[in-house]
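Take a look at this one; I'll ask things after.
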Amino acid sequence: MLLRHPPFALLIGILTVLAGLPLLGLPNTALNFLFFVLVIALAGQGWNLAGGYGGQFSFGHAAFFGVGAYTTAILQVRYGVNAWLGFGAGIALGSFVGFVIGSLSFRAGLRGSYFALVTLAFAEVLRILANAAPITGGAAGILIKLDVAPANFQFASRAVFFWIALALVGAVLILNRMIEQRRFGAYLVAIRENEAAARALGVNVLAVKLQAISLSAAITAAAGALYAQYFLYLDAAIAFGPWISVEALLAAIIGGAGTVLGPLLGAGLLHGLGEITKLAAGRVPGIDLVVYGIVLILVVAFAPRGVIGLFTKGDKGGEPTSHG
Amino acid sequence: MYSPAIIFEAVLNGLMTGAVYALIALGLTLVYGVLHIINFAHGALLTAAMFAVFALHVAFRVDPYVSILIVTPLFFALGYGLQRFVIGPASHGDDQNILLVTLGLSILIENGLLAIFRSDTRTIDVPYGFNVVEVGPLLLSQPKLIGLAGSVAVAILLWLFMVRTDTGKAIRAVAKERLGATLMGIDVAHIYAITFGLGCACLAVAAALLMPSFYVNPRVGNAFVLVAFTIVVLGGMGSIAGALIGGLFIGMVESVSGLLLGESLGQIGIFLIFILVLLLRPTGLFGAKA
Amino acid sequence: MTNKTPILSGDADRRTILKGALAGAAIIASPAVLRAQTPTVKVGILQPVTGALAQDGGFGRLGAEIALKEINDAGGIKSLSGAKLEMVFADARSNPEAATQEVEKLNGEGVAAIVGGFASPICLAASQAASRYDLPYIVDVGVSDQIVNRGLKNTFRLGPGFGTVTTAAVTNLVKLNEAAGKPAKTVVLVHEDGLFGSGLAKLMATELPKHGFEVLETIAHPTPSRDMSNVALRIRALNPDLVIPSSYYGEFVLLARTMQQQRIRPKGIYAVLNGAASNFRFVKEFPDAAENVMDCNHWHDPRKAKSAAVMKAAADAGSVWAYNIPLNYSCVKLLADAVEKAASRDRAKIIEALTNSTFEDHIMPYGPTKFVNGQNTGAGPVNTQVQGGDIKVIFPESFANAKPVFPVRA
């Protein structure tokens, strides 16, 4: 179907429309909102590659987000490395951490909930270490010096940040679509659906999973690095806290796990919903989040295959299935 | 370095705290073992139970230990209803959807409690809150000793329930072989709801045992969830004995590594054990072979 | 009230939800048009009232509301022909991203300034976002010294920063100890492992030995902690003269209770920036554990006449008293004074007025305000002590309303 497996022309079209948004004279409130949606979408896209396509359900993508963010920040603040190089290094190191965690877990044969829990534990270990280690600034956190200049990856205009985030999300959209069409994508889905059968058919399961988690981690690390450059401040709870692991998987699953557009759609939907409930809530704190929780449950009840699934009823081809 | 007496006392402290962890993990492991889901709302439900105990005490001067008789059936019913009418239908039996529904529930419960009780950290004052039992040079907190005894008692009761009663046998049958159980005429949806209810009932008892020596605020349950996951994994997902022994063990490890490494880094000890167990023996120390 | 939400109405179909979300950006972009044109001065109050910091956010909001009501009841801003101050409240949701988004919204609503933030990460992110619009930002608590060290022209902090508090904590402790005949020599530091506690412990550990104290041990603990018995155990084994805890509310309550239970009675408990030691709920619920606990913290000046009125207003609102209330009250009053002097809603003029402020009508123990690089140089903490179920100021003498009880007799 069109939305489940969008043609490149559609992807380019969507990206072009989105790229045009700042030109409509949107206020910074909207741009700031959209930027953050894109960061979450990017983190979700990373999660989606391993979790949605490959069925490797991670609760610990905060590990990659945090490594990307801290690497970018530390290289600039402590070693005076150029921000753009730091950005690249953050992605590379995030990917490496993904590879290491993947190697340990996949070699031990961890799947389903077990894989989920071990990734959660890795993220927590990193959080505790980041909170204590001097190089991360410990509990005081790390502040990237405010020095607005394109060479520093800091921009006066919110629109530029928006475009950079959009470029990254767009690149992953296209990469994702290409993977779907290549053998690698087919292997991933095969592993998700039935790992033993995939192995019997000659798929090098470990290698495919490791490639997937490394790429997945790289994408989520990019989201972390982008966060660092935008907010210019990190502490252990921000970088490695469970919130981002949850945001990443929530965006992907609500949008439609294992689909190209799922994470972007999911991130927009969840954060749009968050803003709307905020507007609708009264004086009593918490009411807006109660509504948010209820709507989240309703969305799952009525769109069990993600929002994309609503538009592709009957198309069982790439449907994510349970894996316990 | 610390004297053996202090280490011994730290071990005892760990056992007492660990027992309550075990009780919280018991609910989690039961739900996992039968429904094969990771219940994200577990922490929020614990918070809700603690507020229930708190409210009964403040409004009607009900002693927290007496409130077990009220809160436990209440939470069993709540759990039953949640699984039967919310989680089950909304998730369509799909794992990732169950995860999202329980996540939605936890957001809803936590913020509902925030709206009702406000954000203050509250405690209840019971006359025996500061009582100690003197054993030689050791001063053991009476509420914590009661917590230890209560947790062990609940674990034994639960185990007896599982092996002796028909419902318990049905639960185990569903846990082992869902399809086979259905063919035997077991109402799986009912059994799922019973199991979830039992998990919540465990939380209610844990809440009552915690309140005399702990505090409550709308986020307090989160502090216990990760450690409960660790215990569930360590003990083997679905194992009652595993949860109890795992809880006591983790309590001890936390206590002693906290003493030696400091409370903050001591937390790493727990997660390292968690990771090592998962990597080396993912079925846990007491779990059945996967 | 929630029934008004379109997405909750009975016929909420999926498309409504989807459309609603996609339209979200457009809706949040234009709330300003919904408001009628009134001659008010809009003030953004930013506090975390949901999430981990909800308790503090609630106190901060209350303090701000008391000040706004008082100013408006007294006739608003005179130089703007009695314009009333209008609160535009924003929930920072206990995280910097939400705070940044709220700053954007507040800016869109046309606020003249923002007050609040509470936690340092929130203040750092929010003041920076506000600086894009030259929007004045008054930090209420956020003690991290990084907040005022970035050269942001829009950011002001009425209260003391970290360095000031710790220096004062050490100096005051030394003076208290000397005045009592130097009863305390050995110290155990207990601190939460976040920004607050860790930095403090580090400074204490280097400073205290210079003044003849011996730091026996520094014990870090996470927030939240499930159990403080081991910390108590170590304190008992080390048997220090003085315990210096720096923790949030829940953990300190656990520690104080356990210490009482374990019959650990040091010569003094000298808390620094502690969440509980100057919180009336703790004093009320655990009078025995709380008695004689000292704290070096933000606190109102008990001898100012206004203090009693603000305390009464807080009590009338059903709240216990906490330092966030007078701080936020004073920050809003500071802002109102600046708007009065600027005689304008113009942000640049308000920033200028703040920069040159000599505001005195606050209820903090500070004296006239004087900002250098955004930091009020006259700001400092005071020492309080729980005495007879009340919280008294014991040091410095110029603000004290009680004598210190130190060392504590067992």
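Every chain is named by a letter (A, B and C) in the order it is written, and numbering of its residues begins at 1.
Rule of thumb we're sticking to: a residue touches a chain if its C-beta (ideal position, glycine included) is under 8 Å from a C-beta of that chain, and two chains touch if they have at least 3 such contacts.
Because the structure is predicted, anything quoted here is derived from the model rather than measured.
Of all chains, the one whose Cα centroid sits at the greatest distance from that of chain A is C.
When the interfaces B-C and A-C are ranked by how many C-beta pairs touch across them, A-C comes first. Centre-to-centre, using mean CA coordinates, chain A is 31 Å away from chain B.
Separating the CA-averaged centres of chain A and chain C is a span of 34 Å. In chain B, the residues that reach two or more other chains under the touch definition are 111, 114, 119, 218, 264-265, 267. Touching two or more other chains at once are residues 49-50, 54, 57-58, 193, 222 of chain C.
Residue positions of chain A touching 2 or more other chains: 128, 131-132, 285-290, 294, 298.
Residues 1-2, 4-5, 7-8, 12-14, 17-18, 20-29, 31, 49-50, 54, 57-58, 91, 95-97, 100-101, 104-105, 107-108, 120-121, 124-125, 128-129, 132, 144, 146, 150-152, 193-199, 222 of chain C are the ones that touch chain A when the two sit in their complex. Of all residues in chain B, only 2-3, 6, 9-10, 13, 17, 21, 111, 114, 118-123, 125, 129-130, 132, 139, 141, 144, 213-215, 217-220, 222-224, 227, 254-255, 258-259, 262-265, 267 touch chain C in the complex they form. The part of chain C that touches chain B in the complex is made up of residues 49-52, 54-55, 57-58, 193, 219-222, 224-227, 229-231, 233-234, 237, 249-250, 253-254, 257-258, 260-263, 281, 285-286, 288, 320. Residues 26-30, 32-34, 36, 128, 131-132, 138-141, 143, 145-146, 156, 231-233, 235, 238, 243, 268-273, 275-282, 285-291, 294-295, 298-299, 302-303, 307, 310 of chain A are the ones that touch chain C when the two sit in their complex. Taken together, the chain A residues at the contact with chain B in this complex read 57, 104-105, 108-110, 112-114, 116-118, 120-122, 124-125, 128-129, 131-132, 246, 250, 253-254, 257, 284-290, 292-294, 296-298, 300-301, 304, 320-324.
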